[in-house]
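Scroll down for the structure; my scribbles are underneath it.
So that you can tell them apart, the chains are marked A, B, C, D, E, F, G and H in the order they are listed, and the count of residues begins at 1 in each.
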Amino acid sequence: MTADELRKLLEEVHSGNQTIDKALEKLQDLPFKDLGFAKIDNHRELRTGYPEIIFGAGKTPQQVRDIVAFMLTKDVNILATRATREMYDEVLTISPDAEYHEMARAITVRKKKPELTDTHIAVITAGTSDMPVAEEAAVTAEIFGNKVDRLFDVGIAGIHRLYSNLERIRKARVVVVIAGMEGALPSLVGGLVDKPVIAVPTSVGYGANFGGLAALLGMLTSCASGVSVVNIDNGFGAGYMASMINKL
Amino acid sequence: MTADELRKLLEEVHSGNQTIDKALEKLQDLPFKDLGFAKIDNHRELRTGYPEIIFGAGKTPQQVRDIVAFMLTKDVNILATRATREMYDEVLTISPDAEYHEMARAITVRKKKPELTDTHIAVITAGTSDMPVAEEAAVTAEIFGNKVDRLFDVGIAGIHRLYSNLERIRKARVVVVIAGMEGALPSLVGGLVDKPVIAVPTSVGYGANFGGLAALLGMLTSCASGVSVVNIDNGFGAGYMASMINKL
Amino acid sequence: MTADELRKLLEEVHSGNQTIDKALEKLQDLPFKDLGFAKIDNHRELRTGYPEIIFGAGKTPQQVRDIVAFMLTKDVNILATRATREMYDEVLTISPDAEYHEMARAITVRKKKPELTDTHIAVITAGTSDMPVAEEAAVTAEIFGNKVDRLFDVGIAGIHRLYSNLERIRKARVVVVIAGMEGALPSLVGGLVDKPVIAVPTSVGYGANFGGLAALLGMLTSCASGVSVVNIDNGFGAGYMASMINKL
Amino acid sequence: MTADELRKLLEEVHSGNQTIDKALEKLQDLPFKDLGFAKIDNHRELRTGYPEIIFGAGKTPQQVRDIVAFMLTKDVNILATRATREMYDEVLTISPDAEYHEMARAITVRKKKPELTDTHIAVITAGTSDMPVAEEAAVTAEIFGNKVDRLFDVGIAGIHRLYSNLERIRKARVVVVIAGMEGALPSLVGGLVDKPVIAVPTSVGYGANFGGLAALLGMLTSCASGVSVVNIDNGFGAGYMASMINKL
Amino acid sequence: MTADELRKLLEEVHSGNQTIDKALEKLQDLPFKDLGFAKIDNHRELRTGYPEIIFGAGKTPQQVRDIVAFMLTKDVNILATRATREMYDEVLTISPDAEYHEMARAITVRKKKPELTDTHIAVITAGTSDMPVAEEAAVTAEIFGNKVDRLFDVGIAGIHRLYSNLERIRKARVVVVIAGMEGALPSLVGGLVDKPVIAVPTSVGYGANFGGLAALLGMLTSCASGVSVVNIDNGFGAGYMASMINKL
Amino acid sequence: MTADELRKLLEEVHSGNQTIDKALEKLQDLPFKDLGFAKIDNHRELRTGYPEIIFGAGKTPQQVRDIVAFMLTKDVNILATRATREMYDEVLTISPDAEYHEMARAITVRKKKPELTDTHIAVITAGTSDMPVAEEAAVTAEIFGNKVDRLFDVGIAGIHRLYSNLERIRKARVVVVIAGMEGALPSLVGGLVDKPVIAVPTSVGYGANFGGLAALLGMLTSCASGVSVVNIDNGFGAGYMASMINKL
Amino acid sequence: MTADELRKLLEEVHSGNQTIDKALEKLQDLPFKDLGFAKIDNHRELRTGYPEIIFGAGKTPQQVRDIVAFMLTKDVNILATRATREMYDEVLTISPDAEYHEMARAITVRKKKPELTDTHIAVITAGTSDMPVAEEAAVTAEIFGNKVDRLFDVGIAGIHRLYSNLERIRKARVVVVIAGMEGALPSLVGGLVDKPVIAVPTSVGYGANFGGLAALLGMLTSCASGVSVVNIDNGFGAGYMASMINKL
Amino acid sequence: MTADELRKLLEEVHSGNQTIDKALEKLQDLPFKDLGFAKIDNHRELRTGYPEIIFGAGKTPQQVRDIVAFMLTKDVNILATRATREMYDEVLTISPDAEYHEMARAITVRKKKPELTDTHIAVITAGTSDMPVAEEAAVTAEIFGNKVDRLFDVGIAGIHRLYSNLERIRKARVVVVIAGMEGALPSLVGGLVDKPVIAVPTSVGYGANFGGLAALLGMLTSCASGVSVVNIDNGFGAGYMASMINKL
């Protein structure tokens, strides 16, 4: 509620066009509007085309279906991450046009087509095994209306593939770099491109990798500038952050 | 601002006893009042006799002095924790009645005498080296108006001292138990007394103690019920929590 | 055994009303009575309505049934935590009125109705996935005779839900706050309510969460005062501690 | 060297306007130009106004002075981070207009005034002790030509200060949020503003903070979207990343 | 081979009672005898009644059976730890008198009855869930010919059970104390009995227990003297060490 | 492209024997050739007989089969590590002469017989359970054309077996030492043989072994010289490194 | 108070030879006597010649002096560990015959000469830098009346020194083995001698030693039997444990 | 002592050319000769020109001088690592030709000139701050008679410097790569050169570097083949290992 709306309400109270009880009700609702928590968030989503997001892990297929059912009553695109095929089957019963992105482990329901960005996001991985995380990032960015350029398996072991694609990478507005093991690719990309790099460590590896810790620490202590990091295996977070930057 | 106050304001607007501009001003201020952040916090402190608290670590003596100077303009007791003697010397220049609690590394300025609680808090330590943390807890509890019963060096190595003081400990309403090394004392006390136990691990020890980690993990995994834990060496936090419980 | 009882026993010995052998037997039993370990603990439980607690993890269904069978001979309520449905099926064979709390993974047998407290405990969670831990806390508090107000899924991502329930939270005498991921909710609640906060980190999350470590460290280093912490996923411990405080 | 420049060179060789030896010399230098490592980086810096950066830690004052001396021969602004006053004194002997930013522990030499950005970066801290890291971020962003809005000490303990500045924060194009202890502020800001958040954990705190680990893990596992993280105490990295995003 | 035996051999060579070839053969075998690796170890085992030990984990049932088959050709008792029932079934096919200790996860084959020690080893646990580790320790000590007094579930939560058995514990020559969770029992026992305490942390617990780390660190940093520690869940190691001490 | 080749090209441009467009094309291709990434790597493999390597973990049997199918078109030997029997079954459908090394979890396809080295690599393990890692190292070294001498189960518990094989070990040109638990064997071997030792920690063990961490740290901090370390369970890495050294 | 003494007291009460008040007084004192905490501990110390022990770390010189002053009133030997020269200077003012063991960082005051044990303890170190810990162990064992055989710098890097002293080591009744870095020496000694081994990890080393963690984990996961471990750098604990075993 | 020597000795005993006492003496000395611990090590050193090595850390200047004094009696080169200038000053008093390598923190005394290797070792660092570790590696390799090619500050941030020196690096027989922060350089070098790479993590960095842990884990989990790792900051170990390989 803007200051103008507030003034208008008070004038209606003053003039008697608005009962005190009705005004009271609206004003008690005010703090949340003034602070702009949920509601403004809702507006933002409707305005920017950002869908609601459901974090599937730890939810039952029924819970996911129920949340989707509620969201279908609103005119928004829907994204559920860390979603199993069982969840998808449940969702299908109420939303036949839902799609399942197997590798990304994501469900999407597109209720409206977002206007595509002019610029795009590059999503690149060091290895083949990093692809599920990359797909999660890509699907996330795409449902927010971003164009995505996928470039997989260009890690240090095949560095010529990175170099031969350097021009392509440099054309992106923001770069998501996903790597497991020692997680060195973001450092390398950060030193070669003049764009913000969102680094995603993955739990790909074994032994001293310690579930992604090695890649995580490596990315955090990167000697390259212009690199920031999200949680291990957090493709969604990287896709969201990249979308935010791409749409500035 | 309560619903009643809000209704009253709207009635004044309706009746013309309040201009729309003035009402607008008050209502724009509303969120913070309704959510009651700082102001209610302030009221709570004045009401309960809880003084403002200054965390001295990482501040210069001048910064501490300046904050104290500002607080002296309010009618509250003042507590600065992790305070050095240098900070105290600076504070003395503006507040000659400030006290320095050497072992607790705390400065207090008592501007009004809090009404003492009927019940009291027991602050007990496993060893002599845990005393600085205990004193921080005790000084904190005292400036909040709690009576404190100190009982130091009753760890497992001298368990008879714990037993011979068991009745005394049981008379307290809440017990703060402070221990380094393996941090087993809270488990023992938790199994013997029927009162909430606030456990404080200390960094006293060496080697596999890893700066208090051993005591911390030990307290968190205590097999005794009725034990909760604060940060390593956090005497202040324990004293504050104990005061909250004691004054319920 | 009080001093008066002891004097009476000696007078009976002196007068010959008590044989030396019988007195000897009673006195050899004395240390435990004087120190009040098991027996006083038993009395305390009978007196306060606290039921015996069975930690189900690592026990066979038969073991749990046998312990319950023994406890049914005493006039107490029974609580078994970390209990599987298999354990419940076994318990049902000897106690048809046993209840299974699926989400809380707890079995209760209510042999007597505890007198309810006037004040209540608020149990709030950051997310939906934290609910099992919350239910364990709530069921624990309830069998001890506490009224519980459950408030789930009010984490930072939906902070308006926290604010819109702030008055309700403030009405509780003690607040249990349960959160996974970065575990920031207790800090926030601790800064907004004037009641003791028992924080419970959960293992909900992935990657750098490291099985609840992120939430645990976050809660321990909370900048809010009046927050103490129990073990990761330890709903029982939080419910017990909250009950202790609520019943002071 | 662009394709056009390369063609021109070859034409000069063909026409005899360029000796083969001279062309050879230039072409041997080519790979690096073609791959655009150092030289393109240099071009980028000259073009974008990004100065060279010297990481002072582990260097002697003489080494820092010598690097600055070399850089003074190029027409760029100079930034040295983690710089001591001793380093500054050395630098002053060759560059009297060098400035020392005491709190940021940074030396700057401004050889040309960067064109200021229209949009700005908000740099906000949870506590007073986080200010050195914040100043490092701010000085970094400023020498790259960004406008910076500093907002310090608005952590959860004084959350009303955050709320009263929410509009101001929302006006920034990118937000750097710096916090020690449990590091919860970025989660909160990420949930309230619709801008990319660069989170910087600091080593401010003690005990279970473990040198910034608690804040770091908290930020990485944040339940808020649109938050990415840099290394503990890495103000420079945050300022650089924020500048990259702000100048897109 | 002792110096005397060596002198005797040389005298035989000198006198011609021993051919040079035979002496050469014996002397080439000497290093191992002189250093006393395998062979002396064998002698020691035959002499002290210590059986060969098979660590079952990571071996196939067939491998365990084959090793047992080989050992049956020697006149020794056999102990296999971390043994599954499948391994036992295999062993049974070649050794019908093999026993399986289910709780201890151990197979024993007694080929000769060791002479029992006069003194005995106490094996005590904090909780019921620590029993598998305790049984492994007890079975190990028993097959080495030690008398064992088992005392289970006397942890801090039921400390009166410890006290009521104190005389019994003090009668042992060495005490093995097994505990999970915070692992405080060895500290308590170490402070109450005048005998060497071998502490065994177990992985019993959850959350901040971190697979036994909490108990391990607690035992290592014990404030009680006369306590030494073996690996997490290492009942065998404790039983072996206790046997060594008991048989001195 | 050497300087001479470059000079020749320029002379051709100068003389008109080479069109500017052709020269431009070659020079634009130059960086990758000059830096010699993929191509030189390919040459190296064909030249040295090193096969391509497929890291099976995290790939589907179909993916492994497809990569093998592609590689069969090149005249190289093929090695797939961390390969399951399912992968092998898939590979068999296109390459009937593929072999499966069960213990090493590796698939090999030998298309040409490498010339065997004169010198050999010793692969020794501390225990029986370390054999899968050792076999991975041995199979790796063998497909690269190295002779391998396997020596298993010579750990400290049976140190005489190490000593009795010392001469044999010393005959190797490089020694791979594989150990779990405390990982002390490489230190011992490093002190006894005058050859480079590649140490491989394994995850064999339990408790404070922490998934191989104990062995890893032990090997890294070895007091013996001439020991370097690869990742936990990384038999392939050790076999590859040893092959590199053996073939120098 | 034994059952016989108790019966005698009751008979005296019965016969009137003891007043009820006197008997009451004695019986109220009973719990501590019956449980035998402090007093029995005192008896044990006087009986066994074990001196009181002062842990110097974290105490002021004055505190150490005061404790010594109190102990001088009892007829016991005195040991202060982790003692500085400043503490010693203070102790000298009241006890001119106090000795300072520089390398062991220990103060001893011998008030009576303990009867020496027939058997002895071997204290051996891997390196020269482990000597302070070894001396602490040796001084501790000696003041308890044990003969000690010191053997320093016999680590794996100079394993022949260990072997040439094997007979000497085997003559000891219990062996204390002290090692930093990878801490492999106890595993080796444990495999070669038929005596209990007390292993002491030290913080000697750097890098992946992590303050003694590498040695600690290595010793805990030792594949040798008969090895138990005390805290990092805990020479005192090892000396005490060894004394307990030696004097059995 | 070879079998032939042994036979000869026995024949001398048999013929009376050797007294039994003398033979006994030689044979008691045999184990060490047969196993070839110290003595063979000495031989190896004299033979290969490897000097004795003194680890200076934790030794007093006097101790270092005394060890050097002893070693001067042998005809070997001397190397002391982690040596302070104070140690050097002491050594100078007995060995005026000793050299101090300030950056390497090493003392060398060259008593004989080792024959230089034909091949050489490349020692390269990622940053300037890694130079002390690199110099330790280089000085170590040089005193063992290796030629060393130093190449400093060629990390990912200035990757063109690495590429422009690639031919030079490829000419080495073995490459030591030293890096702090994320430690990615060995992965890159390992992917580009066909030589064994010895990776040395350094403690250069801050925050999530955790004293070199980030670099260490990164190097251990490197996706490049042919890379093995030594301890954090262990320049000596890398230089020694590289020398061993170079001299094969």
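Simple rule for what comes next: contacts are C-beta pairs under 8 Å (C-beta built on N, C-alpha and C of every residue); 3 or more make two chains touch, one makes a residue touch a chain.
Just so it is clear, the structure is predicted and the values come from calculations on it, not from any experiment.
If you take chain A and chain D together, the chains in touch with both are B, C, F, H. Among the remaining chains, the Cα-based centre furthest from that of chain E is the centre of D.
Chain pair with the larger contact count among D-F and E-G is E-G, by C-beta pairs in contact. Note: centroid distance chain C to chain G, computed from Cα atoms, is 41 Å.
Rounded to whole angstrom units, the spacing between the C-alpha centres of chain B and chain H is 56.
Between the Cα centres of chain C and chain D there is a gap of 51 Å. Between chain B and chain F, the centres computed from C-alpha atoms are 60 Å apart. Taken residue by residue, chain D touches two or more other chains at 31, 35, 37, 159, 163, 192, 207-210, 216, 220-221, 231-232, whereas all remaining positions touch fewer. Taken together, the chains touch in the following pairs: A-B, A-C, A-D, A-F, A-H, B-C, B-D, B-E, B-G, C-D, C-E, C-G, D-F, D-H, E-F, E-G, E-H, F-G, F-H, G-H. Those residues of chain B that touch chain A in the shared complex are 3, 6-7, 10-11, 13-14, 16, 20, 23-24, 27-28, 30-31, 34-35. Looking at the complex, you find that chain H touches chain D at residues 128-129, 158-161, 163-164, 204, 206-210. By the touch criterion given at the top, residues 126-127, 155-157, 159, 181-184, 187-188, 191-192, 205, 207-210, 213-224 of chain G touch chain F in their complex. Considering their complex, residues 35-37, 41, 44, 48, 53, 163, 166, 173-174, 192, 194-196, 198, 216, 220-222, 225-232, 236-238, 240-241, 244-245, 248 of chain F touch chain H.
On the side of chain F, the complex with chain A involves touching residues 31-32, 35, 37-39, 41, 57-59, 63, 201, 203, 211-212, 216, 231-234.
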